[in-house]
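Below are structures written as structure tokens.
In the two complexes that follow, chain A is the common piece, with chain B as its partner first and chain C second.
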Partner chain A sequence: MGDWNVKTFLRNNAVTLMFVLLCVVFTAYSGMSPAYVAFELISRIARNGFIVLALIIPIVAGMGINFAISIGAMAAQIGLLWVLEWRITGITGLVVAAGITVPLATLFGFLAGKLLNKMKGQEMIGSMILGFFANGVYQLLFLFIFGNVIPLNTPGLVIKGSTGVANTMNLSGPAQLLYALDGLLRVRFELPGSSPAASGGTAGQNTFILPLLPTFYVLAGLAAAAALSMYLKKRVSLTKFVVIMSAAVLAVVAVQFPAVQSVFSMLSLPVATFAVIAALCLLNVVLLRTRLGQQLRAVGQNRTVANASGINVDRTRIIAIIISTVLAGFGQLIFLQNIGNVLTYGAHEQVGLYAGAAILVGGASIARATNSQALLGCVLFHLLFIVAPPAANTLFGDPGIGEYFRVFVSYGVIALALVLHVWKGAKAKKVIRAAKGAQGI
Partner chain B sequence: MRKVPMIKKIFLFLIAGVSLLLLIAGVAGVLLRGGEKARESLSALRLEATLRITGKGAMQAYVDAAKKEASDRARAEKKTMSELREAVSKAEQDALASMSFDDVDISMIDAAPVTRAIDSLIQARMAYVNEEAAAQQAYLAQLTPDPMESSPQEPLPDELGEGMIEDIQAQPADLTKKLEGFQPTAEMLRLQAEVDDRYAGLTQALSLVYPNLSGDVFAMFKPAITSLVYMYGDTYESAYDRMLTSGGGPGLSGLDALIARVIRNGDDLIYLAVSLVIVCMVVLYNKPLIKKLGPPRLIIGSFFVLLCLISLLFDMNLQALLSNTLVRVGMNGVLVLAMVPAIKCGISLNLGLPIGVIAGLLGGLLCIEYRLTGWVGFAFSIAVGSAIAALFGYLYGLLLNRLKGSEMAVTTYVGYSFVSLMCIAWLVLPFQSLELRWPMGGGLRNSLSTSTSFLRLLDNFLAFNVLGMKVPTGLLLFMGLCCYLVWLFFRSKTGSAMQAAGSNPRFAQAAGINVDRMRIIGTVLSTVLGAVGIIVYNQSFGFIQLYNAPRAMGFIAASAVLIGGASTSKAAISNVLIGSFLFFGVLTLGMPVANTLLPQSMISETIRILISNGIILYALTKSGGGTRG
Partner chain C sequence: MKSEYILSMEHITKAYGENVVLGDVSLQIRPGEIHALVGENGAGKSTLMNILFGMPVIHSTGGYQGQVLLDGERTQILSPFEAMAKGIGMVHQEFMLLPGFTITENIKLNREISKPTVLSRIFGKNLEKLDMPTMSRDARKALDSVGMGIEEFTLVKGLPVGYMQFIEIAREIDKTGIRLMVFDEPTAVLTESEAEKLIQVMRNIAASGIAIIFITHRLDEVMAASDRITVLRDGQLAATHNTSETSLVELAELMIGRRSDIVHRERREEPQNSAPRIALHVEDLSVEMPGEEVQGITLDVYEGEILGIGGLAGQGKIGIPNGIMGLYRAQGKAEFFGQPFMLGNPHKALASGMAMVSEDRREVGLLLDQSIEDNIIFNAMQVKGEYLYNLLGSKSPVRIQLRDSKAIRKIAQEMIKALDIRCTSPTQHTGTLSGGNQQKVCIARALALNPKFLFVCEPTRGIDIGAKQLVLNTLTRMNRDLGMTLVVVSSELNEMRSICDRIAIVTEGKVFDILPVDAPEAAYGLAMSGIAAQKEEKGDA
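After this line comes the complex of A and B, so read on.
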């Protein structure tokens, strides 16, 4: 990092930094307690994190943000519909729904990939329009096929007197799909100097209560030990080692203050969900190290070169879209089991937009994305979602402005990221051209 | 001459034969409508229907009598309430079983007097109904000079823009309201007495058939029967349908029934024949047609023809639907036209059209704010809207010049984020007029009526009726004018330079054309047309819609121009005209047809989503890719 300077850092991370600033200002003006913000944020990350991570593979393959992940979400909703119809409850139901999602999403992803191969260079607008188009097919399916041609018997799925599947499918109640994954294992924290009951903790089923301070010590110790061993094996640089060590120390120091401790008072970590998200992060890393991963990267960097080196470009791109679509289906299942009811005709519509905006906020571009960018983006984007309406209420006296503001931010950040990306590309070309000119070529 | 395969030949001959048969039958049917055969069949149906109605009454009377007898007897025997009820219901069942309605065999009755009585009733009824219609017409004519009464009653379109279709159905209710103060004339009363007289004759004839019917029952059936035999503006078709719904079906049998049905559906048979001929043509010439039109236009064109035929088959008012289509084409035409300069100057489909639309909306809002009305207001809105649009377009063009090659994705999101930014602006902009603001709280209303400014100014300018279709002359003229101006522009020096810059930027640059400048001019032109287009749209639609409404405009205009045959890099005025007609024709016809086929469904909306996005996807697949692999 020899040529690291403030200016390039600012330029390369403009979107993320702007977002951090916005989040800080809005959180300050929102008037919400840190404990509540943390509580909301954790549940939002748990339910949205997976689907944002599903965007990484197509970006690596050079196809930009796959806005057609809404197709995966549709596949997941078809799966859920049949799980509800067959009355399979709880985590079994969720697994069966995921089982239905896999072949459906594979098929849809295959078709989407085929189509996107015909519009190389225009994948983003193409996948966006494809998402709209698929929504039409989905409506056809849910309004005129399910419940009419293929009868549904479970009460509540079809409403008499109207055509098609009901507007909402309820996952709570007898379906027992609400928190099917989240509720498998939860962890709450016991603040020092208070009994579990006093911290608002009702130790429900599958909920474990850990003392806050010792947990922190153990985690910080583990991180430090891992960093040390990695450093000794020369797997990480000195800078990174120092950063991790100081972060661990800082965390241990910070958690001594009651103000910081209170942030954890309401938290209820859905450990199983986070484990699934972590597994996906791992999968992304491992996958990109395999042969297929190399091919994906090669195709993403330069299709012509990849083609010349014997990679089947079209096939690789289709695989990328299939993976992304299937993962998006799982992500939508995680999202819906947390929400508890499915807006049959709306739950999938904004999936691509919000996930795309989130990953861009984290500093990813439409050509490069990593797990950490996706997760950071998820945190920042959803933090803004939580604090924007109350902050707008304090600042302008109208919560409606906050509502519109966050929609504006979602679209605006995508527009900005696209503009910056194309801009950078044009500049790089200019630099190359100038260099060529200087050499007299 | 190409060689046609054998199977295709046989298929074609079969279809042609069937369509010829249908055509002959249909023409014969339509011609026979005024003839003797038609009158005979109708008269048989009418007799049957009349007898059915009275027959039902007769049976009811018989059953009632049996029930009364049973209850009297039970009461005389001092039975309990439940026993009494049981006895009555038993009597009812017995009565029903003993005298099944079908037992009244009409062929056994001497129907001649009844038929004669019905015929004379028809004469009287016809005279009365015609007199009534004439009198009501006169009454209405004397009402309308009062302008205060009629003008504020403009039917208001709903949020979704389907209002124009609704107001056709809204008219009858309107008419009844206006006729509230209507008093029957002396002539009408005289004719009514005549009708009463003839009805008495009919009752006499009928009482020969059903001896147990009392005068009360006949009095009860009077409105039903008099309106059964004749109604105002009765044609063979309407009379036939009415007889069938009143149970006159069995009045005809065998060949007679078939002939009656052919006469009734003569027009439908002709339509079917025509559609089969079209199918023949498409099968025979499919290859050259596909080459000439391209699959999307062929599919959507056939879909449009299909919708027309379905609406005819279901006896819908095709003229009204087509004139609605014309209005839709006119009101959206300029927006669609806005795609042409964008495509020609090389920025591809301008999915950021909402930027221009918002400029136009601002013009419209200022017009209402300053209370300008009529042509002045319209011209003001266009001038102000265009000025703002030119500014926006210039800035937007500067941005696009830095993003050569991936305009579409960027323009979409730039357009979207601008729409959401303006959502905030609509909440905070300092407009004063209460027509614009919510009376309580902040912000502008969601939809603002243009009834005080420039409602339907163009639509009604020089409008005339032809073949039952209302032609919005002014609207179409305005669209034509805009198309002509754009066409003229592309014939000018700047215009041809722009085309060159769009189709081959490098070559144009080498030829000394300032490509960036041309792209900016094209973007400005497109944005300005977007602003003008939305004002034309609003004056016809009746409302200015704010907030998220402009978001979809770019997609709608893009789909229309693509359906018209444009691609992402090529467009012409003809694409605009064909595309607008096909796209908005399918949308306008699709809704009522879908509602008839599948009531209460959203299928027309689903079809719109599929067509609109499908055509954009198709255009994108044609836009290249593939080769760059």
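After this line comes the complex of A and C, so read on.
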């Protein structure tokens, strides 16, 4: 990175840096304890991370942000409805719901992909409008077909004294779907010099309590060992190796301070959920290293060139949308099992918007996105969601302003990212022109 | 049994509807030879290559007559992929490379080497993992064979354009079973030394037995590189020669063609006493018009003359009027009748007395679902505020302006009569007119502005012969009777020679030469391929 300079860095990461700044200021004014912020943040990342990662493949394939992931969410909600109707409980229920989601989301994704192929270059607006349209079909299905044409027998699932599916589908209680995945395996930390019971909360089923300091030592050690072996095999550069090593050392040092330790006092890590998110990250990486991945990237960069080399552009794009829709369905299942109830007619509506905003906040553009950008974006975006209302309360005496602010921010970020994308494109053209001029052609 | 010719295209005839673009053209290519294919735009080179590659545009318009033999075997190539499978490769003029991919990834695009994985066993070959080391080895070999030392894992983004051409070639070489390669204007973007290197690489490839079809407009490179040359002109085979038995001048003549039907117009009386006044002076004009880029043109247009601007397509001749009129971004200095002229503002250009008849009638020139009369007065009304009357009387300070239907009808009828626009009434929509009549409406619209300076781009494109003559006559009359200064930009060299005073030839974004209309055919041919200057340079040295 010989030509690194501050100006380019600021320009290329404008959205992300702005968010970091906002988060820092708002956290300071929120008056929330770091422990509570950390607790909220972890649960929100577990809840939303997967669906944000579902956006990566279509971006790589040059189709921008797939706002039609809300259709995948609808497929997931259809799955959940039938699991509730059949009274399949717990993790089995969740797996069955996922099983129903796959064929539905594949079909919906196929249709969405077909449509988006007819409007190349306008995929984002297309997928957004498609989401609205699908919402109408979804309402028809849930208000009229289910519970009316196809009867539902489970009590509470149908609107009382009317037809159609109830406003909320309760996943807690007898359905036992609340925390079906999160609750599989949880980890809490025992701070030095205190018992976990004293730091609030009880050790429930499947919850393991680990002593904080040794856990940190082991993790830091593992990271360092991995970095060393990668470096010795020349898989990572020296700079990266040094960065990882110092991060490990820093973490071990930092965790000695009680203030840092207290951040972990309330945490209850849903390990199974994070494992699923990690698996998706891995899938994204592996997939892009296959033939299909090469085709996706080629189509994303230039459809003409891809077509000229014999790649079936339309088919590749449909595959990208199918993958994204199915993954979004899984993401919605993870989200809902954490929330515990389904707002039948609303839970899917803002999915595309918030996930899209989150990935852009992480520094992705509508043409380029990586796992780390998706995860970073998720952290920043949801951190702001947590701290904005109390900060607005401190600053303006009204938490409502914070609520408005976060909706405003979601749309604002997307608009800003779109403008920046066009702006960067114009800039790049200028550079090419200058280079051409320099060569005298 | 091996045939003498690796490719033989025999008696190929192709028509788009009524329009015959190729008539009885034959082309024979021997294994291991470099065969140049030259001709002006529209001579039929691209159509011939489209037939060879089985492009959809050929088959969706009724196919072609004649036959194609590959290695003596009669074949019918129905798609570009079939052509690829039969060992015919193409080095594109526009780079078919992905900037975000490494050189290896580009060379192996969609021909990746992969290894099975768990995923691929379930979901098929598409999920096999890429075998990068093997791919890199292949890419290295291909790069070495074109003499490129560059690392194969470099990203294509940021490489000099010259390198990209060689990567394209390496990609074709890497394909197994390649027998024939088509180079489409490969040197257009290369510097002189790179072009020389390219020709060397072409020779190496040919020496390994692969035949090459070399399409270019640079005749000197044709002479330097090829073994044999086929010249096409107006869809006909002009000649096939051995390179050793022909000359630059002969090629240039073959390309342009001798025509006896050119009638030079009467020369105007040259003003005796003083040098002619300069109407438009542009200095170092650059225009960013995609596909027609202008790169630093300096040009004077004299008052009262008809200046022709010619040159091959894509060389920038169309960009000049579009840039000056402000339709595309332009840089440089301009003076209009001695006054500094600001580029990039179509409104000001029109208001200052310039007008333009666009080369793109249907997109730029006309409002197709508006009437003839509205089209004619549109610019005059918008730019000059003519053909309007004030509802509150002409002296009122408050202006509520409405269109003056009477005046509009009057000028429209005058124009229809003067230019012989064939229509049912002035209210007929221009979209329903024939090409020639649309062109006349475009001219009428420019005339309604009363310009003192008029650009006319491709005045006769897509109109029939009778209408052509009428349009040309109108242009000369405007010049002679109204004293209008005209700049005619056209691909039809011979038409320009019949009406212009001087003709500027634009090559590679620059004015290459300004020739008198009675200059020999060969001079035009050479200027279009950018040769004369090099000779002069050598002469100076």
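Throughout what follows, the second predicted complex is superposed on the first by the 431 of 441 C-alpha atoms of A that agree within 3 Å, B and C clash if a C-alpha of one lies under 4 Å from a C-alpha of the other, contacts with A are read in each partner's own complex, and residues count from 1 in each chain.
Operating definition for what follows: a residue touches a chain if its C-beta (ideal position, glycine included) is under 8 Å from a C-beta of that chain, and two chains touch if they have at least 3 such contacts.
Only a predicted model underlies this, so the values are computations on that prediction, with no experimental measurement involved.
Chemist: Of the two partners chain B and chain C, indicate the one touching more residues belonging to chain A.
Modeler: Looking at chain A, the partner in contact with more of its residues is B.
Chemist: For A:I414, select first, second, both or neither according to whether it touches chain B, chain C, the two together, or no partner.
Modeler: Once the two structures are laid over each other on A, A:I414 reaches chain B alone.
Chemist: Touching A:V305, do we find chain B (first), chain C (second), both, or neither?
Modeler: So A:V305 only meets chain C here.
Chemist: Would you sort A:I125 into first (chain B), second (chain C), both or neither based on which partner it touches?
Modeler: After superposition on chain A, A:I125 lies in contact with chain B alone.
Chemist: Which of the two partners, first being chain B and second being chain C, lies in contact with A:T290: first, second, both, or neither?
Modeler: A:T290: touches chain C, not chain B.
Chemist: One more residue to check, A:Q256. First (chain B), second (chain C), both or neither?
Modeler: It touches nothing on chain B or chain C.
Chemist: With the two complexes superposed on chain A, say which partner A:G400 touches: chain B (first), chain C (second), both, or neither.
Modeler: Touch partner of A:G400: chain B, not chain C.
Chemist: Taking the superposition as given, does A:N167 touch the first partner, chain B, the second, chain C, both, or neither?
Modeler: Neither: A:N167 stays clear of chain B and chain C.
Chemist: Under the contact rule defined above, give the chain A residues that sit at the interface with chain B and also at the interface with chain C.
Modeler: In the superposed arrangement, which is not itself an observed complex, chain A uses residues 304 for both chain B and chain C.
Chemist: Taking the touch rule as given, give the residues of chain C at its contact with chain A in the complex, in rising order.
Modeler: Touch residues, chain C against chain A: 80-81, 84, 92, 96-101, 105, 109-112, 114, 117, 119-120, 125-130, 160-161, 189, 191, 288, 295.
Chemist: Could you list, by residue number, the parts of chain A that touch chain B in their complex?
Modeler: Residues 64, 115, 117-122, 124-126, 128-130, 132-133, 135-137, 139-140, 143-144, 162-163, 303-304, 307, 313-314, 396, 398, 400-401, 404-405, 407-408, 411-412, 414-415, 418-419, 422-423, 426.
Chemist: Given the complex with chain C, which residues does chain A contribute to the contact?
Modeler: That would be residues 286-287, 289-295, 297-298, 301-302, 304-306, 308-311, 433, 436, 439-441 of chain A.
Chemist: Under the definition above, what is the set of chain B residues touching chain A in their complex?
Modeler: Against chain A, chain B makes touches at 351, 399, 402-406, 408-410, 412-414, 416-417, 419-421, 423-424, 427-428, 442-443, 598, 600-603, 605-607, 609-610, 613-614, 616-617, 620-621, 623-626, 628-629.
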